Amino acid sequence: MSAQLINLMASLMLLIAFAMLAQRRILSLVYLFAWQGAVLAVNSLIVGWYTGHHELYLSAFFTVLLKVIALPMVLHYLIRRLGIQWDVETLINIPATMLAGIALVVFAFNLALPISQLAETITRGTLGIAIAVVLLAFLMMITRRKAVPQVIGFLAMENGLFFAATSATYGMPMVVELGILLDVIVGVLILGIFFFQVREAFDSLDLKHMEKLKESES
Amino acid sequence: MYPFDTAPLDLILGVVLLWLLIGLAGLARPTSLRFVSRVLFPMGTVGGAMLLLVAVFAIRVEPVSLVLPLGLPDLPFHLRLDALSAFFIALVGAVALGVSLFSAGYFRQGEGTVPGLLCLQYHVFLSSMVLVIVADDAYLFMVAWETMALSSYFMVTTSHKIAEIRRAGFLYLLMAHIGAIALLLCFGVMHGEAGQYTFDALRSSALSPFWASAAFLLALFGFGAKAGLLPLHVWLPEAHPAAPSPASALMSAVMLKTAIYGFLRVTFDLLPTQIWWWGVVTLVLGLLTALFGVMFAAVQSDMKRLLAYSSIENIGIIFAGAGLAIIFHAYSNPHMAALALVATLYHCVNHAFFKSLLFLGTGSVLHATHERSLGKLGGLIRNMPWVAGLSLVGALAIAGLPPLNGFVSEWLLLQAFLFSPGLPNPYLNMLVPLGSAALVLAAALSGYVMVKFYGVIFLGQQREEKLREARDAGLWERAGLAWFAMGCVALGLFPMAVILLLDHVTLPLVNFTLSAAISGSGWLLFTPVAAERASYSPIFFLLGIAGTLLVTFLAVRGFYHGRVRRSAAWDCGFPEQTSRMQDSAEGFGQPITQIFEPFFRVRRQMPDPFSRRPVYFKTNEDRLWYWLYLPIARANERIASWIGVLQHGRIHLYLLYSFITLLALLLFVR
Amino acid sequence: MNEVAITLGSPAVGAILLAIYGDRTQASRLNVLVSLVTFAASALLAMRVISEGALLVYNDAFFVDSFNVFLVTLTAFVAFTTALFSRPYMLNEQGRGRITSRRLRLYHCMYHVFVLTMLLVLLTNNIGIMWVALEAATLATVLLVSLYRTPASIEAAWKYFILCSVGIAQALFGTILIYLAAEKVLGGGGNALLWTHLNQVKGDLEPTVMSLAFVFLIVGYGTKAGLAPLHNWLPDAHAEGPTPISAVLSGLLLNIALYAIVRCKVLVDGALETPFAGNLMMGFGILSVVIGAFFLSRQKDVKRMFAYSSIEHMGLTTFAFGMGGPVATFAALLHMTVHSLTKSAIFFTVGHAAQKTGTQVMDDIRGLIVTNPTIGWGMMLGTLAILGMPPFGVFASEFLILTTAMRQEPWAAPILLVSLGVAFAAMFMRVQAMVFGETTAKRLPHAPALVPVFVHLGLVLMLGLWIPPYLADWYRLAAKLIG
Amino acid sequence: MTLDIFVSFLSQLTQTLLVVLIAPLMLGWVAQCRAWMQNRSGPGILQPYRVLFKLLEKDAVLAHNASPLFRSAPYIQFGCMVLAASVVPIIETNLLFAPAADVIALVGVFALARVFSALAAMDVGTSFGTLGARREMLVASLSEPALLMVFFTPLLIVQSSSLNTIVDTLAHREFALYPSLAFAAVAFVMVLLAENARIPVDNPATHLELTMIHEALILEYSGRHLALIEWANAIKFTTYCAIGIALFVPWGIAQAGGWQVLPGAILALFVKLGVAGAGLALLETISAKMRIFRAPEFLSMAFMLAALGMLTLLLLGA
């Protein structure tokens, strides 16, 4: 029963990750990111409930607080302030990206197999999905042309890592969890400041303006 | 035997310390010329004399070694003084003595680096050379070696505001560093057990012939780069002229010899075996270098460049001798190996003496006339009799004329060459005598070069007005020059004394001494092999010439008269004689350019026949520069630009790099 | 144990104080003072570790052994000298109107946060916290890199932020994997991430997981250490940030990241008993050396050039650590030390040179030795030192590394040597042109503080000729520790 | 002991004086032969002596800027040549001075003299003087290697570089054919022509400055200086011939001291010199002077021949 639930959550994570990869509009990206956070939180609740690791509740609580409420709000605010809610053109066209993503998933599952055999958690099957989510987020960062989607990709990667942590080891020790969360918060704050700096320097968040520093001619 | 009660190595270290202190003292009052030149340099002279004295006695004593509490924790500085190093130390001391004397009167205010700093560089240079020679482990050797390069680099770039000098300095340090890298590889190849890098460990390391040859070739490359062996010579004619004359003298006279020392040390001492083709390679390279150097010297029009190229020639001769020694040693013919080795070492000393003499002479000329180009000098024998007279000795000696020292070493080397038909290898029997012909050609051409050098600078009419104000060198400078001139004469007249010292050097290296053959036939006659085999007696020689000269003079005066009338030069009755009618430096070199045209990269600019003020210039460049060095530089740039494409400025690509790296590694792990 | 407290506390306090008073005129003095306190505390700590051996404090939260304590001292020392240097430098920058007093406050505050995070990375015993602190170090410096708010600096900061964060995210995954492997041996909970505990049981850790973990870790921390091909943020960040930051980034942060890698390598080696981790590090090392060397010969911006030289030297150090064995590790530690001393000294001189001439373009910097001999000689000697010219210490370490390579990895030695030759040609040509020649440069309002430069170079010179016995033992201990 | 030193000293003295005195005669003889071959009644064999005495009588005229080097050069050249003459075994091999210089040192003596003459020529600083110096040094620097290669062949046969030993062994062995020596002999003649400023390399009788080599060197000399130089050159020429004789037709040279053999040796010497002079005269009559830049080719030819001789020796052992 629990296993099915967890696997459901895992597949939801993967689905959302693909959706993000495919998504063109920034705002919907933000919503997807929020959903991902929610799924993550639910997942840790379930795991915590079934395995009796009650510190997972706390981490679930923080996840909701941060990744379902705070970050999306901040991003939403930024996007409206900077007036960039419109669609994001990607470097490679979407279908190609999807194909690459699928290849990555296969690779991730293969990679996860030996590990998940070692792990004796009930959630071990989902480790492959966790790696897949991380790699997909990575891919998304590579393919996106604007600054904000890149950041969202980065946060998605963070989610993937959390998911991996919960699924592989029922979460990291509390200190570390808190530290990571702290880093994420600070990072996002800095990013907030940063967007404005970028904006005032290039009056756009398009990364193609940020290709001055290089070694190759022309 | 050994007169001092302190161990020789300690005394030598004391001198090194003294020199370093003198150098630092220079920083105390960096701008005061009087302090530096009247106090510090004379003290340096004392150090040089001390060094010479100690080393000459130390050649005879047993090797002594010492470990300093410095260096790497597992590899402290090891020092060792055996006959070979003592011999080269003596060389350093002798030259340092003379050059310091000269420098005491040489430096002027407001020429490039401040005197104090120059003094520091100068003395650090000296001490580093001594340390190179007494070093007994790879680390200390490398440290001293590079310190030597560094300190001399700073002296080369003294007047760094001139672009050519900056370029010369850069080229010099680059080549020195590349050579040092090769040496590092060489020591690495020879590594002893458990990564010990003391020379003892290197000696005891068992090397397969392949690795031994690798080590040898690396050593040849590294030391050749420092000595200016073809094709690694390009820096030398740039760097040596750029430095102030005392520095040039030290670099040519001693620094190149440290390379010879290292080469002999590695080849004969550290490497377990010698293979005959090593000798052939060295011999051929040496002869090529000698011919190349002398040819280019013949066409130079800058007096210091000319001397630099002549240094290349002499280095070639020295390497040829070393190669011969290797061949004989490899074929276990100790007597001839000893002969060749003695010739090599003897030529090292000789070159040190006459090259310092000539470089210092050019220094005096430079200060008297502010002119380096031969085309603007001439007739200085009238204004500067001292410098001219002493330089004449040097010029004759470097031209290899009896009874001066240059001839002795070349004579010995030829003797060694003439024995090669005794070798078991038929090809060598045929080829080595031809090599001797190349050697003789080089020697003869060096005579040509020296006539050009001396005749154009000191003889003839003065080519410029300002030369009339030229003043002769001061006392200090004369003293320095005189020291070297005396050395040239003494080394020429009393070779036996030196040979007897050199026996202590050859004995450990090729385990043979010439003393038996020499002492066989008195001290008057110099017979390195056997009296009936070959003999040469400089004393008789001098007596013969001088005696006849005296007799003739008296006879002519007695039977006839000594009347002399002065008048204008006849010159086949040409009405007017201007100084521009004499051969310019280019003119004098022209036949050489014409005969050996293919060796040069000649660029001429002929004047237009109708031009009011005709301009003519001609440059002879080094083909190797265009064949070897520029291609390498271009290749480097091309690779760099290829790699440069990687850094494209797009963050996506950078992320992609990390991504691919990650995936690749993961695949690699699975 | 209170040394640890002061060492970590003083920068924290300093950060808070300077966050409030950072814009006062005396703030820079306070800055120096705080760094001095940190340095003093770290020195005391070092003495105690030398006398009493490794110590474990605050129920195993912090761990000081001979490996990290020397890095702690080094970090605190360079941080202190950099603070000394940055005082006149920043005042000059303010005078030139490149930064406002508010940004000066930000600078002072963040400087200490940065130092704090680095010290935390070194001192903590928990590899999870190590990760957190390293990420925090990135975050602390991002805003410093973009301090000038020029488009270039913002671009650099953006790349720095994204690349390092993404990279370090991989490191987090690696940490998770280690945790996964560890909790089967040590059981769950906090102890499973304590390095000391892990070190005791490293033999029982699951090899496959550990090797996977190390891949993620080296990609992650390697990005921060500037290993090619993950180095791309490094030259931009060094070139565009204020020079004191370039100095500490180059001299300290890279070391810290490398430290993290080595700590993990110890565990992985214990678990695998194959040279897997070492080979991986050697590969990255060689690649970095080659790429760094060849990039050098394309540089026009002086700080960029020295950034690439840092990449090259980090590569050399990584290679040495990868070879392993007492000598190589000894050499690597020595190289870390001399590199950070020399490189920061060079950046000091470069900073003042750039201020004098008002540009970082090397073609416009000429004749430093004429206008300001100290700067000129500092840059010349520093460059010669970093290029591995004896008698400076860099040569000592390079000598050991190369000779060991010749013995253990003969294939690598020629590659390294050629790269070193190329690097020499490229760098020395440019530096000579900057130091020598004619010039027209003006004086600076605030006299440059060049004492740090010559202190550093003096130390490097000493290390080339004589390594003090206790320092040598210290290195030996550390080398034994790392194996 | 003392006695045979005394004997060797005496024979040394006789030989040296002999060469010094007959040297002008040799020149005169060659000139006379040439005259006869060209159907001229020549000036007579003793002409060179007359010239010398006339020159010695005259005042020496020096240029204003002539330095001491200029005045001392003739004496040095003369001294060098006398030394050379006294080293070569001409009438007998037991010479006091012979060990002072072997063949290599002998070449050194000639080089010393040459360098001084070249420097002296540059001293006054006239256009032709420098020109002469340049050409002289060029020719010399090419002929010296050839000369040494010539020496190497007999030297390798005898395994000794001292002329005494060479002559001793060559003169008093049973007659054998040495093709290598033949090569060497031809090369030696070519070198001899070049070194002594004879046709075809140089023309001692020329009056066209632009073709001068040796004459241009001594343009500024006059009076006793000129006389000494001419005499020195005569000695040089004779010594060269003597060397050739000693190397290639040594028969007749007395081995050890003792008066009874000397007359025969002297007689043999005169005959050989006479023949050699006549041969040279013939050579000079039938050949014409070549351009200065042909000289290198000429000398490299000589060098090649000498090297060939040595190689044949090493190859055939004969």
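Letters A, B, C and D name the chains as they come in the text, with residue numbers starting at 1 for each one.
What we mean here is this: a residue touches a chain if its C-beta (ideal position, glycine included) is under 8 Å from a C-beta of that chain, and two chains touch if they have at least 3 such contacts.
Here the structure is a predicted model, which is why all the values come from computation and not from measurement.
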Touching both subunit A and subunit B (chains): C
B-D or A-C - the one linked by more C-beta pairs in contact: B-D
Closest chain to global C-alpha mean, per-chain Cα centroids: B
Geometric centre distance via CA averages, subunit C-subunit A, whole Å: 31
CA centroid of subunit B to CA centroid of subunit D, Å: 36
Averaged-CA centre spacing for the pair subunit C and subunit B, given as whole angstrom: 44
Chain centre separation in whole Å, for subunit D relative to subunit C (CA means): 79
Contacts with 2+ other chains: residues of subunit D: none
Junction residues of subunit B - those touching two or more other chains: 641, 643-644, 646-647, 651, 655, 666
Multi-partner residues of subunit A (at least 2 other chains): 111, 138, 141, 150, 210-213, 215
Touching pairs among all chains present in the structure: A-B, A-C, B-C, B-D
Parts of subunit B lying in touch with subunit D, wherever the complex brings them together: 378-379, 381-382, 392, 396, 399-402, 407, 411, 414-415, 418, 421, 429-430, 433-434, 436-437, 440-441, 443-445, 447-448, 450-452, 454-456, 459-461, 525, 527, 531-537, 540-541, 544-549, 552-553, 556, 559-561, 563-572, 574, 577, 579, 581-583, 587-588, 590-592, 594-595
Contacting residues of subunit C [partner subunit B, same complex]: 158-159, 162-163, 166-167, 170, 211-212, 215-216, 218-219, 223, 229-230, 232-233, 235, 280, 291, 294-295, 297-298, 327, 367, 369, 384, 387, 389-391, 395-396, 399-400, 402-407, 413-414, 417, 420-422, 424-425, 428-429, 432-433, 436-438, 464-467, 469, 472, 475-476
Subunit C partner contacts - residues on subunit B that touch it in the complex: 69-74, 138-139, 142-147, 150, 157, 160-161, 163, 166, 169-170, 173-174, 177-178, 181, 184-185, 187-189, 191, 195, 197, 636-637, 639-641, 643-644, 646-647, 651, 654-655, 657-658, 661-662, 665-666, 669
Touch list for subunit D against partner subunit B, complex: 56-57, 59-65, 67, 69, 75-76, 78-80, 82-83, 86, 97, 99-102, 104-105, 108-109, 111-112, 114-115, 118-119, 122-131, 133-135, 137-138, 140-142, 144-145, 148-149, 152, 155-156, 159-162, 164-165, 209, 219-220, 223-224, 228, 293, 296, 303, 307, 310-311, 314-315
Residue numbers on subunit A that touch subunit C, as the complex places them: 111, 114-115, 118-120, 131, 134, 138, 141, 147, 150, 154, 157-158, 161, 164-165, 168-170, 172-176, 179-180, 182-183, 186-187, 190-191, 193-194, 197-198, 201-202, 209-213, 215
